[in-house]
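Going in written order, the chains are labelled A, B, C and D, and every chain counts its residues from 1.
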Amino acid sequence: MASPQQSPRVAVAGVSGYSGGELARLLLNHPGLTTRPMFFGRAGEATGQVLTDLQPQLATTDGIADPILPFSWDTLVANKIDILFLALPHEQSREWAPEAIRRGIRVIDLSGAWRLKEKKNSAVYNLTDADPAAADALETEAVFGAPELHAEAIAKARLLANPGCYSTSMILALAPLAKAGLLDPKELIVCDAKSGVSGAGKAATAKTHFMYAADNLSAYNVFGHRHTGELLEQLHLSEDQIQFTPHLLPIPRGILSTIYVRLTQPTTPEAITKLFADFYAGKRMVRLHQTPNLPQIQHVVRTNYCDIGFHLHKNGTRLLLVSCLDNLLKGAAGQAVQNMNLMLGFAEQDGLL
Amino acid sequence: MASPQQSPRVAVAGVSGYSGGELARLLLNHPGLTTRPMFFGRAGEATGQVLTDLQPQLATTDGIADPILPFSWDTLVANKIDILFLALPHEQSREWAPEAIRRGIRVIDLSGAWRLKEKKNSAVYNLTDADPAAADALETEAVFGAPELHAEAIAKARLLANPGCYSTSMILALAPLAKAGLLDPKELIVCDAKSGVSGAGKAATAKTHFMYAADNLSAYNVFGHRHTGELLEQLHLSEDQIQFTPHLLPIPRGILSTIYVRLTQPTTPEAITKLFADFYAGKRMVRLHQTPNLPQIQHVVRTNYCDIGFHLHKNGTRLLLVSCLDNLLKGAAGQAVQNMNLMLGFAEQDGLL
Amino acid sequence: MASPQQSPRVAVAGVSGYSGGELARLLLNHPGLTTRPMFFGRAGEATGQVLTDLQPQLATTDGIADPILPFSWDTLVANKIDILFLALPHEQSREWAPEAIRRGIRVIDLSGAWRLKEKKNSAVYNLTDADPAAADALETEAVFGAPELHAEAIAKARLLANPGCYSTSMILALAPLAKAGLLDPKELIVCDAKSGVSGAGKAATAKTHFMYAADNLSAYNVFGHRHTGELLEQLHLSEDQIQFTPHLLPIPRGILSTIYVRLTQPTTPEAITKLFADFYAGKRMVRLHQTPNLPQIQHVVRTNYCDIGFHLHKNGTRLLLVSCLDNLLKGAAGQAVQNMNLMLGFAEQDGLL
Amino acid sequence: MASPQQSPRVAVAGVSGYSGGELARLLLNHPGLTTRPMFFGRAGEATGQVLTDLQPQLATTDGIADPILPFSWDTLVANKIDILFLALPHEQSREWAPEAIRRGIRVIDLSGAWRLKEKKNSAVYNLTDADPAAADALETEAVFGAPELHAEAIAKARLLANPGCYSTSMILALAPLAKAGLLDPKELIVCDAKSGVSGAGKAATAKTHFMYAADNLSAYNVFGHRHTGELLEQLHLSEDQIQFTPHLLPIPRGILSTIYVRLTQPTTPEAITKLFADFYAGKRMVRLHQTPNLPQIQHVVRTNYCDIGFHLHKNGTRLLLVSCLDNLLKGAAGQAVQNMNLMLGFAEQDGLL
């Protein structure tokens, strides 16, 4: 499982959105994918469109046009697709992922359809399944695609649930502390997170109108953002222990999460530095900042890095963490490719530097 | 006509858009309007909404709520409305303006419905009228609301056609030269104009999405923007003499027009300065810059000023003009109030400084 | 003290910055200041400049130019200045404020020089005084200019310390809870605050470069922002009880503070609403949002309002507050004028709506 | 000369600026540069800094740090540097380029020091040379690095003058028309160009302050921008034939030039399309848009493409061109690498897609 396959072939369903566009770009330039990726539309009918009709910034001068194919299992099977990326609404993913697995095609799903194991958490998605028992089984099997936490399971995954953008930024900042037992269970962890507008998707709505977002900042989904369940499950926290508030930033892309924790015992900046360095040793897509340096959005945008930094209060227990990433890359398409790399036996950073 | 009326009363139909919001703000704070303006929705039914539901930035702490009334001629007449502002699509204005005039209510129309006298120019609006003869008569009577050019006619107008935002910026820069006969008819006047996104309206579309407009610049409506006819008619130019290209700027509001003209004879910067100073003498809403100073958008935003500056080439005939204004104020609601001031006998700048 | 004085006259020292520009604009348009304000430069020599050389957006067409005068006590006294605004570095204010008071001129100081009573808090400013005993006495006398909290003292103040921008947004959100004894002293109050770039001042630095701030977000001054002391003193908190982290937003102006508190006892949204409504009854410059509505920056920019909203967790004790204001208005020049209004017996909102 | 050299090695002097940072990024990832590039500071002394101190966004997790070396001819020669990139002020380049050539090191200069052949054009740079005769000879020899126009000469160049950002966008749009003799010499070519703030450099100045550039647009250097000479020399135009006005856009990067020309004879959109397609056949870094599609900045940012589109008026002679590029890539560092590719025998797009 850890050695590269012969000429793996991948396909993408859903390339009209922002994540889909980044995914297409990354896959087309991936050094390990010598066979060209295939691109499918959402519905079953042919559209006559090519990729650059949907993503004009991807236009090249090499004379090659990638058709947007009508979605078809037969086409996927006939072309021996190894991995199918689903960049689709979660309802669609809930329907197609089991179908793909049944046909022996591994799935990397960018929606929230398969990220959560506990019904009380996944209830937020209002999922309905044609075959609930099979869906439950697949839900149990699905691997949460945080490559820094679950590399082994990812390598073998049939169904890979690519994490949310906000949750990735927060989980990676908190996981080393959680593992070390340093998070004081009696103190609320406050996650004040801010995201660029691409996180809201391509649909033209009142809230994605330039006039709403520009020169503005607003909090939303207080006490109720869908990514909260990922935090609870991945960090083994109860709902009482963490509060996450998302905000809409007037920028195209990038997330910065400011995280406030109380440690169970006093420590030193050096110890925190070592804890993180050990935890992320050998992990290529996490960059750690030396305190008092802190990450900022402009340094991660258009990269697949998650940057993490911290300040420790002189009392040794009050810790502030700052975590940054590009919501379309490490928060979506980039992390999906990183997961693909692990699933296909490539180095995790291949095609991502 | 030049003396203030007793307690004039005005009403606005259409306050949900950006211009409508600015209009409401200006009228509510106008020192000459001692009777509170009335606000009407587009359709005839009551909505139960108040002004701040549509324009939350106008919220106050004075305990007064302005209801959005169902549109009704009876209400307008019963309340002795002197002037009705129409901030509506041009089709609606084409229908309601004649009705208002018939009932003795003067109209200030912010749409393009009544700005153009020549059919070949107004054809771009695809106007259809229930009573074409009456509409034609009213079209002939309608006064183009450029207060610096037509103050006398405006004071007496029954139907005031408030100019377009782009066209205001260009007409005010070119009018002194046109009047002086300095525009070389053999040389194309190039108007390269750039506008903030509020000019595209409040509808959520692909082009008003934050991700489309932010960090971007694009030209649009080449050889075909609706405001072109206003330039032709107001400056007495043929279509061969002027080219206007609009661009979408990644900012909320403001227009900057860069205008390239060839003069019929060599002149000096001092002569140009004097020409403009004489033309705009006593006009309070035009600010002239001393060459080599040029206007910039940030100095006009949220003001009703049109700022104009120029550079004259050392050859004495090649002239570059820069004209700036706020598209929602001098380019829409502010100019509408300036016109109202003239129509009601106030000073033109009342409520606008 | 509560009745308007006859023709009060004010002067401003320091009009080159962003706050100074807004202050000049507000004072020039203030309905109660029938005598024109005077403007002084920082140094003592004449510059020959007029106000619009420093603040070009304030240009008018009325033919009046306001000279920037060389700073001179004699000129201030000869012109019977009632109130002197100091929009200067705190070191300068520390020197000039006692001088002004000695000459019978009341002072509204926009710097941090006089805001803090406790030496451990004011130490952050490294203040040095020519006459320490007199400075200490004046420090004790100085009134913290939060008009919603200290209206009576403000009305009589000789030295008014205008609050910081960040601190205003947080103090106004927390004051009703603090007064009601609802802030759990065992739980950290987290204040995650974000400000537009004008808060960083007009000096051209690496951090105010467009390329640093645009498309970016960054945290700074962790555990060490100068406004922290204002929170501690005004809310009667210890340093252990509150943590404030400022962030630099890629927008020109506006602050949004997201505040996380734990209440001492479970309550209801209705009770919180009533608490705030009672606390701010009759206060014209605070707008309260009905939960689940939350303030956002675009609705307060270019106003003197502080907008406050909240969400209460279903457990009744976890409370999220959002507080927004314009850092140059309610956070600086606007609040200074609001304080002036109280000091001169005007209504607090005069010249600010 | 057209075949790849064995392990070419390059060095960069000046990596602290925006172009230098992009250049470092491109060279470090270039597939043909198997030997790591070297980086030199501007001055001669060691600083102890590494590349990521100056360009933090380039931080990696591979454990390799690139030292910023003190500039030294001995070091360059000892390391058998084939090409030295100079990303320095033009005065420095004027001094160092002859030195490098004398030592057998080819130079790619990103400044304006060597772009212009005619003294009346280069006078704008106020160049002074220690050895004027040698400098003049080198000036004559220097190759203007527009790869789409001068590929053969570039391949053999010892001194490559990398073009200006504005001029690249305009020259590439106009060159096909100039070559075909279609530019009417009696009609002014108007180039209205707009650039993001990175074009103004990293120095913190009043004009690069966020508060100056954000939400703003301003014209500058009217009738006098330094890139004008490049237009004249490359397109064989006289100063009377073309006018170029730059504007400062409120975005980090990207240039859009709107160009107005009159053709010598009526033509068709199809003929224009064919003219451009033929001219740019086989050129990989120019993308042509099919009318009525026009380029926009967001599609070229972070690419090395120059995108060109046009609208032809129905009269067949009035032509509008729109040309877009990223000022730091195709307008600077990317084009420099494209030139390096030609100089070293690589494909022009290597390391640039």
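The rule we apply is simple: a residue touches a chain if its C-beta (ideal position, glycine included) is under 8 Å from a C-beta of that chain, and two chains touch if they have at least 3 such contacts.
The structure displayed is predicted, hence computed values, not measured ones.
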item	value
Distance-maximising chain from subunit C - centres being C-alpha averages	D
Pair joined by more contacting C-beta pairs (B-D or C-D)	B-D
Chain centre separation in whole Å, for subunit D relative to subunit C (CA means)	47
Centre-to-centre distance between subunit C and subunit B (centres being mean Cα positions), rounded to whole Å	37
Length of the line joining the C-alpha centres of subunit B and subunit D, rounded to whole Å	41
Two or more partner chains touched - positions in subunit B	212, 215, 250-252, 298
In the complex, subunit C residues that touch subunit D	18, 197-198, 202, 204-206, 208-215, 250-252
Contact footprint of subunit D on subunit B as seen in their complex	187-188, 190, 192, 194, 212, 215-220, 222-223, 240, 243, 245, 247, 249-252, 254, 256, 258, 260, 262, 292, 294, 296-298, 301, 311, 313-315, 318, 320, 322
Subunit D-touching residues of subunit A, taken from the complex the two chains share	29, 56-57, 59-62, 215, 283-287, 298-299, 302-303, 305, 353
